[in-house]
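Everything below concerns the one structure shown next.
Note that the chains take the letters A, B, C and D in the order they are written out, and that residue 1 is the start of every chain.
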Amino acid sequence: MVEHVLSVRGLQKRFGGLTATDDVALDVLPGELHALIGPNGAGKTTLIGQLIGEITPDAGHVVFCGEDITRLSVAARVKRGLARSFQIVQLLDDDTALANVALAVQARAGHSFRFWRAAGSDPALLQPARALLEQVGLTRAETRVSDLSHGERKVLELAVALAARPKLLLLDEPMAGLGAAESLRMTETLRALKGSLSILLIEHDMEAVFALADRITVLVYGRAIATGTAEEIRANPAVQEAYLAEDRPE
Amino acid sequence: MRLERRSLLAGLGLAPLAAPAFSQGAPLKIGMITTLSGPGGYIGQDIRDGFQIALDQEQGRLGGQAVQVMIEDDGFRPPQGKAVVERFLRNERIRLFTGVVFSNILGAVAPDVLDADGIYVSPNAGPSNFAGRECHRNYFVVSWQNDSLHESAGELANRLGHRRMFILAPNYQAGRDALAGFRRLFKGEVVQEIYTRLDQTDYAAELAQIRAARPEAVFQFHPGGLGIAFLRQYAQAGLLATIPQVMPAPSMDAGTLAAVGDAAEGVNLSSHWNSDFPNAPSRAFVTAFRAKHNRTPTYYAQQSYDSALAIGAALRQTRGSVDPAAFRTAMLRADFVSTRGNFRFNTNQHPIQDWFSLKVERVNGQLAIVTKDKILENHGDVFAAQCRI
Amino acid sequence: MRNVLPLALLLAAAIALPWAAEAMGQPATIGLATRIMCLGIAAASLNLILGHGGMVSFGHAAYYGLGAYTVGILWEHFRLGEPLFGLIPGTNQLLITLPVSMLVAGVASALIGALSLRTTGVQFIMITLAFAQMVFFLFVGLKAYGGDDGLLIRRRNIVPGLDLRDQDQLYWLCLGFLVAWLFLQWRIVESRFGRVLEGIRQNERRMAAIGIATYRYKLAAFVIAGMGCGLAGALTANYLRFVSPDLMAWQKSGEIMVMVILGGVGTLLGPVVGAAALVGMEYVLGGITENWQFFLGPILLAVVLWAPGGIMGLLGRGARRG
Amino acid sequence: MSALVVEQLLNGLQFGIMLFLLAAGLTLVFGIMGVINLAHGSLFMVGAYAAALVAQASGSWWLGLLAGVAAAAATGMVIEFVVLRRLYARDHLDQVLATFGLILFFNQGITMLFGRQPLMVQLPQGFAGSIEIMPGVPYPTFRLLIIAVGLLVALGLYVLIQRTRIGMLVRAGATHREMVRALGVDIRLLYTVVFGLGALLAGLAGVMAGPVSNVQVGMGEQILILTFVVVVIGGIGSVRGALFGALLVGITQTLLSGFVPGWLRQVMPGSEADALGAALSSMGVYVLMAVVLLVKPKGLFPAHA
């Protein structure tokens, strides 16, 4: 049997009267690109929050590479090989794209209790950072984040997440708000990444999802109603009823 | 009011151009550092105005010597007082200082003056350390040693026949000194003592304790605005009718009386001076002050006026010199007629003076502080024994 | 470092200040400048956490006061010849009192920071204030060290080779410490640690997501800033030769914060410039009119309204235009 | 003894109500507009001064009440219009510096206009005496009036916030500022009104405090910090939180200064017990705030629940 990279069992989270995550079970296999789809308000982002550790679940377990990480802090999970991107970009707006990635490289390299040597010109940080920017195809490395376009920021989010060298990458709508050409480029970037690490992808762009995903899980009202390959999901009557009926992909 | 200030030119660093060369007949500069902002500001204002009355009476001179009083606000902050004194000492080369209201500012200001061999004449604060072990040849107090205020109140309580007293003061050095000073001469029993907070505005909790303890009388020391709030609430709680109050002068001056109003009627005070003193210098001072400022002078104004008289007497003998040795000899003779009557300097250069009982009464329908009896004669302070000059 | 030349000129001017002041017949300016140097160190250290780490501490005067009181209490025991708690002998050696002051302030800020940093935003502002007020009232109640009236330090500390009773030498000493502290802080801000701190200010969530346990870094910065304030307090105690709880009142915390904002948040020299501007305006306006606050208030207001980024922001814009 | 406890509780309640009047305005402004207004204490002072001066001139305390409340509200709206309006988008720090400047300006301005002498304030007719609330325990009627006014204000604010359109916007604004803006509400007008209301409440507090404490320059700053403590304990932006926070702080402070020195005196010598007790009761509310924030970082009744 294959060891799961991520294994979620019985995960539960309630906000007041609203059940955002309802007894969710989810497995991600090594090297797999696993897509998480569902209508708005299905609880996808809340689920990501619990996987990365920003939100504490009310019940259930998150097991990562065989270790129960349910009670660990965000930083501790990232150290173990989890990373995420944000749907609404979370970057250091006053810094350059390069500095953003370099800081993530620095965080990956170990603790940062180094008080004397200048970090801004440290090749040990800048070289890997430039390589990452090249990998995702962002050319304006010395531009301040606040001056980058939305598309460039989404790409930068990905580079920053990759800098942690994750075993499992949680991507929260990397294509949201992108133009058609940008979406296509992002799809290609993700396709190139496939295999080297596991990815859990939340995305509304169904074209991209069906093109990229090895397996798909459908989340509706906090419940995982189906998991399977693209064909299985397309054919699943429950999915069609609950999800495709109201939010049919173009 | 003509009070010279440091010129704008000097402030902008152009003093060499603006400062006159030392010439004969140039006025002697006196540095007055006092508190003009914040809740204590009215005290500094009276110290300033009282001093000025003495100058007015001599047409800008003290003891025949033309003087220029340079006044600056310490903002009720020791470091600022320190900055001002440094400028006065070094830039203006002032040798003679006065004006500080509060003990904690004096702690920052006086050492600099004394170390530079300058002279300090206190019109108000008289903390115990400077009266005892830390006393200094160039340091004079014309007002009183802090404890004397409260010792006299203790004696007043004896005379009024109070046996069981409830005593309160704010929790700071002068407050603790107040309760210690009161106990020193009070012969009865202190049923309870309470320290209030310096930033307190509501005394309901303390008043309830007073009512519960059923003392014969209350001694309280709350200077300035604190006293106003305390007295108002005391009266509003209906305690004034049943439990009389005994207090030292700073808890009830002309300014607080005006603000407190009827709530102050019947309060007993001890003081070294009052605006109704019949002696000629006092009457002249009060008349001049009222004419100029349209308000009754407080003790603070009188103390400052007396300080000016004392300085004037010394300057007359030294012919305007502030050479410390000569000035000290002249100053110690206290060759002036004080508004309070008997006055001479003790061995620690603090006053030996008489203390009186006062009472707030209605005179011609108006509330006034009325002088009653002399309660202590030629009273010094206990710290003089520790002073070795 | 494009700005080496202006900085060198500024430093040269600062070193030459005592002679200039004497020559202009304004020797008291040296004392004023000493005070500005001390407050500059305090404001700069607050700026490390406020400007670079986004932590608005409203209790910074506590560490300033603790540093000052350490010098005062060590002096008092030296004077009396009685060890503190029967163990720690008093001293008047600056080379001992300064490190001890920084240690005391550092330990206090570690304890207070460890608790306070569990909150953020306005709650953090208020909880740091709360702890500072506790320290303040503790010293108000400490009868043995003068309580509210404060503690007199009759003689300044002793340093081999220097005479601190000479105001010029004290000034240069404080200037030296200010320059050293600014240099240290500049290195910290540019270092890996400083990058993390800057990241926390901009987006703490992002920093956690790249695997940084932000709490530790914030606490470390909080302690460094506390130690800087302790140093500033120790120097202030030597300059004033007097310590009182006034040094740790909330108004003092506000004043230090105002200096940072006035000068320019997150800039190297801003806090020092702010300290100089605020103290200088008080001094000059106070010399002209007793109603100085009436004019200082609107000046501060004008800076906020028309000079965002404080004086450094204004200078920067001027330089760019010119 | 139990009568003393009841009386002290009543005192704590009254002091708490006083704090509530100040804190209610502050929390509204703080929570809805996101503005740290250090000059709230200045509005308190303006209200007290206007009331004292008008009452002196007219002989009617009630006219003074009207004048104080109106003057504070008007001053508040002018401040909002001239200064704060330009600072909403700015950092909290800029607001701190600006309102600090306002404090200096108002304190010195009042000194220049009305001098440094504390002002005399009469009690309103019919409220000068005391009522026997328990056998042998008279209680000042004016303090009872303060309690009544405070409870009325609490009720009024409840109705305003829960039952009116302005209240709906206020509630929405405290949690979703952007959303209210997106709804096309004239947020500028709403802010001016809210700030005016906050100032009015500060002025009312000043009017009520006048006859009890003293009307003096700097009176606002003495109580400002305690007001911030109340707001933070209660939860920023929550009027209900301000009420409970104020009562908690008022009662804690009153009981601490009422009973702690007595207890300490039973275990240690008198003067040391008194000094320590005073220090402890001063620290009490700050310890309370620290504990509340460590347990509930958003305060007791967070508006952003």
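FYI, contacts are C-beta pairs under 8 Å (C-beta built on N, C-alpha and C of every residue); 3 or more make two chains touch, one makes a residue touch a chain.
On a predicted model such as this, the values are computed, not experimentally measured, just so you know.
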| item | value |
| --- | --- |
| Minimum number of chain-to-chain contact steps, subunit A to subunit B | 2 |
| Relative to subunit B, chain with the most remote C-alpha centre | A |
| Geometric centre distance via CA averages, subunit D-subunit B, whole Å | 34 |
| Approximate Å spacing (C-alpha centroids) for the pair subunit A, subunit D | 48 |
| Distance from subunit C to subunit A - Cα centre to Cα centre, in angstrom | 44 |
| Subunit B, residues touching no fewer than two other chains | 36-37, 171, 176 |
| Multi-partner residues of subunit A (at least 2 other chains) | none |
| Contacts with two or more other chains, residues of subunit D listed in rising order | 107-108, 111, 275, 278-279, 282 |
| Contacting chain pairs - touch in the sense defined above | A-C, B-C, B-D, C-D |
| Residue ranges of subunit D touching subunit C (in the complex, touch as defined) | 30, 36, 83, 86-87, 90-94, 96-98, 100-109, 111-112, 225, 228-229, 232, 236, 275-276, 278-279, 282-283, 286-287, 289-290, 293-294, 297-299 |
| Sites on subunit A touched by subunit C in the complex | 52, 54, 73-76, 78-79, 83-84, 86, 90-95, 99, 102-104, 106-108, 112-120, 122, 160-161, 163-164 |
| Residue ranges of subunit B touching subunit D (in the complex, touch as defined) | 36-39, 41-42, 45, 171, 176, 179, 193-197, 199, 201-202, 204-206, 208-209, 211-212, 224-225, 228-229, 232-233, 236-238, 255-256, 258-261, 295 |
| Footprint of subunit B on subunit D - complex, ascending | 1, 3-4, 7-8, 11-12, 14-15, 18, 107-108, 111, 115-123, 128-130, 137-140, 142-143, 209, 211-219, 222-223, 253-255, 257-258, 261-262, 270-271, 274-275, 277-279, 281-282 |
| Subunit C partner contacts - residues on subunit B that touch it in the complex | 5-6, 8, 10-16, 19, 36-37, 71-73, 75, 77-80, 82-84, 86-91, 103-104, 107-108, 111-112, 127, 129, 134, 171-174, 176, 198 |
